[in-house]
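Here come two complexes built around subunit A, the first alongside subunit B, the second alongside subunit C.
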Partner chain A sequence: MRSALHIAPFLLLLTACQKEYEAPLPNTSWDLFSSTGTTPVDTRAQGRMEGVYAVAQGADLVGDEVVVKWSSTQVGMDTTYHVSIFCGTNIAYLSGEGRYLDSTLLLNMYWRTLANTGTGLCRLTITYGGGVRALWSNEPLGADSVRITGAYGIDADLPDRPFTLHYRRPLAQANDLVVLAHRCGGRNSDLLPASENSLEMIRLAPRLGATGVEMDVRLTSDGVPVIYHDETLNDRTIRPCGLFGPIGNYSYAQLNGLVRLINGERIPTLREALAAVVNETPLAYVWMDIKLTGSLEVIRNIQREYITQAQSSGRDVHILIGLPAQEQLSNFLALPDHANAPSLCELEISDVQAANSEVWAPRWTLGLQNAEVAQVHGQGRKAFVWTLDQPDYVQEFMQAGNFDGILSNYPTLIAYHAYARP
Partner chain B sequence: MDHPLTHRVHPAWYAQSFEKRRSALRSLMVLASVAFVPMARLVAQDTAVVHNLGMFFPDRREHDPWNLSLGFVTYTTHEDITEEVRVRIPALDVHVLRHLHKGFYLDGRLLAQGVQNHVSAGFRWATHLNDQFTFSVGDDVAYWRGNLPIQGFDCKARGWMNYPGLSFGYRSKRDLLFTLQARMLITTNYEVLVGDRKRTYNTDRVSGSAYSFYVEQPFFKRSYITLGFTLAYTNFLWATWSLFETFDRNLLYPQITTALIL
Partner chain C sequence: MRMLGHRCVLPLWAMFLSANIQAQVPDKPDSTQMGRYALVLYAGGGLSSYPAPAGVPTHLVTHSTTLGPSGSVRLMWLPDHRLRVGFESGWTPLYSYTIDGPGPTGKVELVAVPLLLVWSMPLTDRFSLFAGYGTYRITSKLDYLGTARSSTHSLGYSAAVSYVYPISEWVGVDMEVKWYNATETRHTVLALQAHLVWKLHHW
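Up next is the complex of A and B:
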């Protein structure tokens, strides 16, 4: 007892010293970029600009080679185009927008290194002679035909470190790897500018290189499916609001009115999340990780509704009911039309067959499993692996594995390896 | 140019600073050791050696050639890795000390969990600064190994660590032994096997540091007990290898030690 009393103050003192990590994005305001003379970058030039670039300056930050890729999100009739740079080093990425100023292309970006808290501004240009002329021409781009030059800064400092990219080759051909973003983009601990499992994160996902998202589905006390990972309301996922305990104890009205995610967003309903995917993004896959343990009928009805809506918009969006355990599998098999309901099963291949799942999804810690992957391919199914974040193993799985998709907290890293493949 | 001392730094700064910090910490350890040698000698000559049974308390141990304790160490994972589930990993702790000569002794320790185990061995040199204060310096080399052939995992790992450290002891008049210990956690290398794919990491860098506070006190008859609390600030803790965390940030891992000194 005496010992415990002596230890307690020491414990309190040292735990109080625990560092809270943050990575607030710098203010990207750039007078030149937002001046009245600038115009949007046309989609043709965007497409021609995409490619694998050699890093002539700035390799400390992003490695020797990067991938430049454009993406878009749509809100109503407005389409916003973003340019991203995916890197194989430091789990780094850059994201921003581009505009012409006369015949110079300006890129106004920020950078992040996801393994730590590194962030900063990056301002780049492509001059007419340095690449815009090539982007506007009909000639195939050759090596060094586009040179992106500028500088990056650290934290809120103005960019002062040289950053130069030289076009090397087009993006990998026939790239059909599905890049799945965990919790719609990444965990809260990855310190992204949006909260995990939020609508804002869904909109961010294409900029992170994702072609699909994984989201966690739970039920409120009044039966509304919402997107939320943890079983409880806690300070990891939400801002302090006085509510705690199992999320299933609260009605949707209570959650909607009183609870805000860690970056201030609302907890979205499954309907809102699927509507965002279908109507606002080019994402092609949704992996609904089912955390609820009761009937899946409500999920199946929403799934059917949004698959139909996507089809009516001319889009092929695979909305999959994720089956992580035997309980969810049993509830899925209890659905009257389960054989026609697109699903993803994390269990044995025999379970995948029983559920007629479109995708088999084993944990990455089981290894490459090339024989098993070949087996499911032979059955006309796909194989995704989860949740692969280790950079060395990402490379290993890309080079020696045959998975059709990789779920990761670092979609930028997966995208880099997917598009930079020789 | 080095960035100001903030946690938001350029990644390249991390790489450079690891080497700088490692070198600086090594220099500090050497200086501290050298500074204490003459002082300790001056004081120790006039100080009676006091018999005690502490395992972490720095002591010359000339009256106890062997010391043995059995107990448990519990590690708690960080929420950035295991999120709402704060995993507590208990390990059986077998700790042996063997006095060698003039304040030098061997320190051997096994932390066993079955699926993953950690064994360390190293030298200590301890001296009495006066009747109440003692000091020791030492270095342990550790080897750990893990094997997870459980559902969803087909993984093995093993690695080498190095733990140079300093301890300061204070003996109260009520025969309570207080010890403050600071150790560097150096990850020499480790190897991970997932399925049939092996990756080797020859890091050889300072992963972090650990700060411990131990109280050792009489318990029953001639036995003592140890109660300890450790905070490890590190970007790699061997006991959490199977979580495959990827953060290049120092996270806080509390550890609680309880042991019966036999």
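Up next is the complex of A and C:
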């Protein structure tokens, strides 16, 4: 008995370990892909390549069917095109770039499964006869007209597991579902390659299938609106720097100088975030989740400025002031021009009407609410639902619900179901 | 897998309690006679060290200090059996660092005030084990482009080994190796302290 009492604590000690979860992206350097003979993929071929593909090999990673979609980001005058593959299994996605080498299309990608920490390389090709000829032609694509072949690897290993996709059909027609990425793309716990609520995550969002982003707005001690989810600085959101406590205790200069998000980025200001959305991405919706409790005047001024900037660039970006509670609603109604300020209200439909909100956004746990959704549609408003992550419920809401947008931590999953709809 | 000391509260308690169980196995049948009780105060200070890497911004040039003076005070109730209980507080630096650039310079200091319920058990006449559980008030002081101060509470525990040298029936001195762990905020301090041990009252 005595020896057991001695041994038990040491057994407990041995088991008292905490696994640190990581999913570092592998190095995607590929000599062939970056060789001097390669050329960019033209946007026409990109558009024709988009579609729903059957998975002939690699279904254990991505499921039986995937969606191939291109997106772009703009930095200054430079546009970068990215190809993404959205999956219905393992909350998996692939992201990368494409280039021609002579008449072969190369896709240099990485994959991640957000259901776990899986990651690895994926190198794919479309040969001239296997699909490039069809992409360059004017004929409608038929089943099997494009074959994407190659391999994927696990972690940093070179790809050695066969991966083959066969074109099946175009993306769902008239797909106007707004895919909203929570915290600009996803939570830190999902180990994405950028921190939640960062400029880098905003730039990543289109590659994750998002057509809009939700961001959390707080004020620093000197009144600068910044994008940050939690009330306090903490280990979940920032790298250790000896600072903690309410973010409102610190000035913007202090946060900007000392604090770095979990992947090394700065805490962005609201202005920087909206500038990134308007100038660098094709995102069409911004849901500013207002976490501050005072006057919304400064938010309204910034909103007005960036709506104007988007319009002057010929873009229709819906920048919405999110109203999550009665306090924010009251502060919003105190704005002199609140009726003209685009907003999103999470409260009752009567509150939505009082704020003249463009969007009503109830919590998903309240159910499909088809009658209420029809009511707001009848008033000329949209209805978004938050925060929908469970694959079964995603399918239910998309099949039986009438929401115009879905906010999710897994925009790749929403995008898959949106584009793969029959 | 990484061993994290602050995740080891349960095993440490299990070790402590298992030792206690063995220590309290009676050599003789229970007596209904009550022994002597006492209140003992420990007060003193020493040096503390922050053994883990200090959390500093890696994008700046910084100079960190992980060694500093600390103090503690503890009041223990010594009953007529071996398990004793009391309360401990004090003050200990965690770490500090200066920001030497590029750009503005400044300083960050972190200190902790433990507020712990403490149990102890003598191993011999002069050696005792201490184990505490409670909260730490952690304060961060920033002097960089203005000043800011934030505090938070963190659940945590402590463990210590002490050697007491009696000077008289009422007074002694002890040397103590102490381990503070603020579990929630992941701060650990190792301290070496000397205390004046004063038997305040006995009955």
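Brief remarks on what is shown
Please note the rule applied: the second predicted complex is superposed on the first by the 406 of 422 C-alpha atoms of A that agree within 3 Å, B and C clash if a C-alpha of one lies under 4 Å from a C-alpha of the other, contacts with A are read in each partner's own complex, and residues count from 1 in each chain.
Just so it is clear, a residue touches a chain if its C-beta (ideal position, glycine included) is under 8 Å from a C-beta of that chain, and two chains touch if they have at least 3 such contacts.
All figures in this text were calculated on a predicted structure; none of them were measured in a lab.
The partner that reaches more residues of subunit A, of the two candidates subunit B and subunit C, is B.
Using the contact criterion defined above for the overlaid structures, shared-chain residue A:N138 touches neither subunit B nor subunit C, since it reaches no partner.
Of the two partner chains placed by the overlay, only subunit C lies in contact with A:Q254; subunit B stays clear of it.
Of the two partner chains placed by the overlay, only subunit C lies in contact with A:S221; subunit B stays clear of it. In the superposed pair of complexes, A:P246 makes contact with subunit C only, with no contact to subunit B.
In the overlay built on the shared chain, the residue A:S350 is in contact with neither subunit B nor subunit C.
Across the superposed pair, subunit B and subunit C both touch subunit A at residues 2, 6, 10, 18-19, 232. Residue ranges on subunit A touching subunit C, taken from their complex, read 2, 5-6, 8-10, 12-13, 16-20, 221, 232-233, 235, 239-246, 249-251, 253-254, 257-260, 264. If you check the complex, the residues on subunit A that touch subunit B are 2-4, 6-7, 10-11, 14-15, 18-19, 21-23, 60-61, 90-92, 113, 115-120, 154-155, 187, 189, 229-232, 234, 236-237, 363-369, 389-393, 396, 400, 410.
Here subunit B touches subunit A in the complex through residues 3, 6-12, 14, 79-81, 83-84, 148, 152-155, 176, 178, 194-197, 199, 211, 213, 215, 217, 225, 227-229, 231, 242, 244, 246-250, 252, 254, going by the rule given at the top. Those residues of subunit C lying in contact with subunit A across their complex are 1-4, 7-8, 10-12, 14-15, 18, 21-22, 54-60, 95-97, 99, 103-104, 108-110, 138, 140, 142, 144-146, 148-152, 185-186.
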